[in-house]
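Below are two complexes that have chain A in common, paired first with chain B and then with chain C.
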Partner chain A sequence: MGRLIEITLGIMTAVGGFVDISELVFAAQSGSRFGFALIWAFAFATIGIIVFGEMSGRVAAIAKQPVFNLMRQRLGLDLGLLTLLPAVAVNIITCAAEVGGMALVLQLLTGWPYKLLAILSTACLAAIVWALPFKWIERVFGLLGLLMLTFVAVAAAIHVPWREAAAGLIPQIPRGLSTQEIPSFAYFVVAIMSAVLFPYEVYFYSSGAIEEHWSAKDLMMNRLTTIVGFSLGSLLAISLLINAAVLFRPLHIDPQLPGTAALQAAIPFGETGLLLALFGMLFAISGAAIETCLSSAYSVSQFLGWEWGRYKRPHEAPRFTLAWLASFAVALAVVLTGIPPLELVEWAVVFSIIVLPLTYLPLLLIARDRKYMNEHVNGRLSNVLGWGFYTVLCAAAVAALPLYIVTSGGQL
Partner chain B sequence: MRQTAAILFFPLIPWLWPGTLAAAESSDLVEMRTVRSLAAETAEVFRLQAERRVNAIYARTMTENAVDQLHDLDQSAGGEGAALHRAIAETVAALNHQDSAALRAIAQRLFIMAGPRGPAD
Partner chain C sequence: MKRDASIKLVSEVRDLQIVDSEGRNCGICDDIEFHGAPGTPLTVAALLVGPGAYRRRLPRWAFRLVAMIAGERVARIPWKAVDKITARIFLSGPAEELGLLRTEDRLARAFRKIPTS
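The block that comes next holds the complex of A and B.
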């Protein structure tokens, strides 16, 4: 019974922790601009994160190796360093975007000044990470993030043409796009893949597995959490897209900020819906801010061989503690420069897809290596899916920057 | 490294070049569509506020953020684009009067001028 509760909690945490500010922004914008035509991109990328998430959890449980240990072993010091530096930069930019997002949502709830709220949010997050054990951090934000299910309720309450929405699951380029808009559509496909497959997610997930001392007996939970939890989490993002297609597209609203996405809930459910949506967004974004910040500290500590882990007291892993405190400080400094959170989201999305191939290569190599994995080595399906997605990611990484430049960040 | 980058990007040149030109030409259009979106969004906020479906703090913050974004757009447009400056001024005035109908009319007019973002229905 205890095991069942543990698995259910793990799945619910994965659902609540799936959406962050980049998915919020890109899901709502995709629906508003292209109707249902990008649902397939979310579904496709979700299969990718399931494959890589499951693999990273399995490697952590069996080989007891988090991603950055593997990177140094498999890629060597130079190439490993070439991955570490951009990965940390992307994590910090993403963390800054999340902190900015938190401040924006809190501003909608309190009316207080944005920069003051950014400072208060960062201080609160740092205090929470300092005081709470890993499992509590993961569970509290994951479970409170389930308030985002309000957006699924919105999709059920408004009149969605479900047959047309279901057709969005088929990969397509919508009819009627001009030659200028086709690169924009391609940019959105790449951005969605990047937002769903953000590298911090596997750094955090695999480090978390080691924090919680996973072993072979946890492999079933790993599989259920990644398959069921991530799929249901993806449903949240798809609901945001569907709601935007139905509610915003006819009004020509192109949502740029979390506040506009929250409007989706106010239309059918009034103020209660609005508040539930805002609190859901706040907890989901806060959880992502903590994950990105800890991911930076995990990456650096694992690569440099420092003591790391939230299961240790701060003074038992001083350099790791300093690393996550510094990550929060730098992210806050970026927010206080006044760069809009949306711009930070775009940078994070573009640069993370460039880092992704280097992140996943050592994982794929170890997961198929019987020396490390024994009988838990990749099966044929995992290998085919893993390498298939890896090829797609490499193509997306090459296309990301040119598409960003040509489309002015998808604005054309 | 440079050679690798050149090899990787060489096939993209014919595709990137017209796109980059188009990006420069379409800057006004992009900004016009942003103004339209802000007008439509705040019109909806005011409508819901009138029906007591959103609270005053949310409505005020959304309005202030929209005004800030419009001022930024106005400044970044510089001396260019008289139509854009006019649209921004009208939108700010309608926001200051919390005039939902005027905002909707501006959004509709800008839709006719700037066309849809994404495929037309």
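The block that comes next holds the complex of A and C.
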């Protein structure tokens, strides 16, 4: 029974922790601009994160190797550094976007100044990570992030043309797009893939598996958590898209700010719905801020071979602690420069997809290596899916920056 | 030791995690020091740990940049202090005896002074 509760909690935490500010922004904007036509991009990217998440958990359980240890061994010092530095930069930009997002949501709730709220949010998160046992933090933020289910309830309450929505699962380019809009549509496809496959999620997940001493007996839990947890989490993001397509698109509302997405809940459920949605967003974004910040610390610590671990007290892994404190400080400094959170989200998605191929290559190589994985080596399906997604990611990485420039970040 | 074996050693041992006898992570094997001369057998003398050991592995400009940020300190772990090598390198003694984890210890002392650490 204890095992069942553990698995259920793990899945619920994965659901609650799936959506972050980039998914909020891009899901709502996708629905508002392109109707249901980008649902397939979320579904496709979700299969990708399931494949790589499962693989990283399995490698952690069997080879006992975290991602950046693998990267150092497989890519060497020079190419490894070339991956580490942009990966940390992307994590910090993402963390800054999450902190900015928290401040925006809190501003809607309190009316206080944005920069003050960013400082208070960062201080609060740092104090929480410093003082509380990590299991608590993970469960509290993951489970309270389930308030985001409000958006699923919204989709059930409004009149969604489900047949049309289901047609969005088929990969497509919507008819009637102008030649200017087609690159924007392509940019959104790349951005959604990047937002769902953010590298920090894999660093965080596999590092956690090592700290919890996963072994072969945990492989089923790994599979269930990634398949069920990530799929249900993706449903949240797709609900945001569907709601935006039904509620915002006819009114030509472009949800540029995360707060606009919360209005979806106000339409059917009034003030209570709005508050539930805002609190759900706040906890989901806060959880992601903690994950991105810790992921930076994991990356650096594992690459340099330092003592690391979120379950350790700060003085037991001091350089790791210093690394996450520094990440929070730099992220806050970025927010205080006044760069709008939406711009930070766009930088994060563009640069993370450029880093993704280097992040996933060592993982794919180890997962198919019988010397490390014994009988738990990749099967044919994992290999085909893994390398297939890897090829798509490489193409997306090449296209990301030109599309960002040509479309002014999808604005054209 | 055969010539091929030494080449294998460099590729397989370099960049591995180093763990001391108390199970603590204490760095990565950044380089390997060999002793020998023409006509004499090549022997492994030590594992090198720390940013100073990047000198031979990075382009000069990149090494200068790393040195500016992290310094040029190198800790030398005598080969005889290596207990076993798997996917990690296990040492036979505690890190402090080999000059490792000094920064870690200083920071740990500072953090212990902060409540709830």
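Please note the rule applied: the second predicted complex is superposed on the first by the 412 of 412 C-alpha atoms of A that agree within 3 Å, B and C clash if a C-alpha of one lies under 4 Å from a C-alpha of the other, contacts with A are read in each partner's own complex, and residues count from 1 in each chain.
We adopt the following convention: contacts are C-beta pairs under 8 Å (C-beta built on N, C-alpha and C of every residue); 3 or more make two chains touch, one makes a residue touch a chain.
None of these values were measured; they are calculated from a predicted model.
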{"item": "Superposed partners chain B and chain C on chain A - clash or fit", "value": "fit"}
{"item": "Chain B versus chain C as contact partner of A:R370, first or second or both or neither", "value": "neither"}
{"item": "First (chain B), second (chain C), both or neither touched by A:Q65", "value": "second"}
{"item": "Partner chain in contact with A:R3 - chain B first, chain C second, else both or neither", "value": "neither"}
{"item": "Three-chain overlay, vertex chain A: chain B-chain C angle, C-alpha, nearest 10 degrees", "value": "130"}
{"item": "Partner chain in contact with A:H213 - chain B first, chain C second, else both or neither", "value": "neither"}
{"item": "Chain B or chain C, by number of chain A residues touched", "value": "B"}
{"item": "Which of chain B and chain C A:G111 touches, first, second, both or neither", "value": "first"}
{"item": "Chain B versus chain C - smallest C-alpha distance in the overlay, whole Å", "value": "14"}
{"item": "Chain B and chain C footprints on chain A, overlapping residues", "value": "none"}
{"item": "Residue numbers on chain C that touch chain A, as the complex places them", "value": "15-18, 24-28, 30, 49, 54, 57-59, 62, 87, 103-104, 107-108, 110-112, 114, 116-117"}
{"item": "In the complex with chain A, residue positions of chain B that touch it", "value": "8-9, 12, 15-16, 19-20, 22-23, 26-27, 29-30, 33-34, 36-37, 40-41, 43-45, 48, 51-55, 57-58, 60-62, 65, 69, 107, 111, 116-121"}
{"item": "Complex contact set, residues of chain A against chain C", "value": "63-65, 69, 72-73, 76-78, 80-81, 130-131, 303-308, 313-316, 318-319, 321-322, 372"}
{"item": "Chain A to chain B touching residues, read off their complex", "value": "32-35, 37, 107-111, 174-177, 180-181, 183-185, 249, 251-257, 259-260, 262-263, 266-267, 270-271, 274, 278, 398, 402, 405-408, 411-412"}
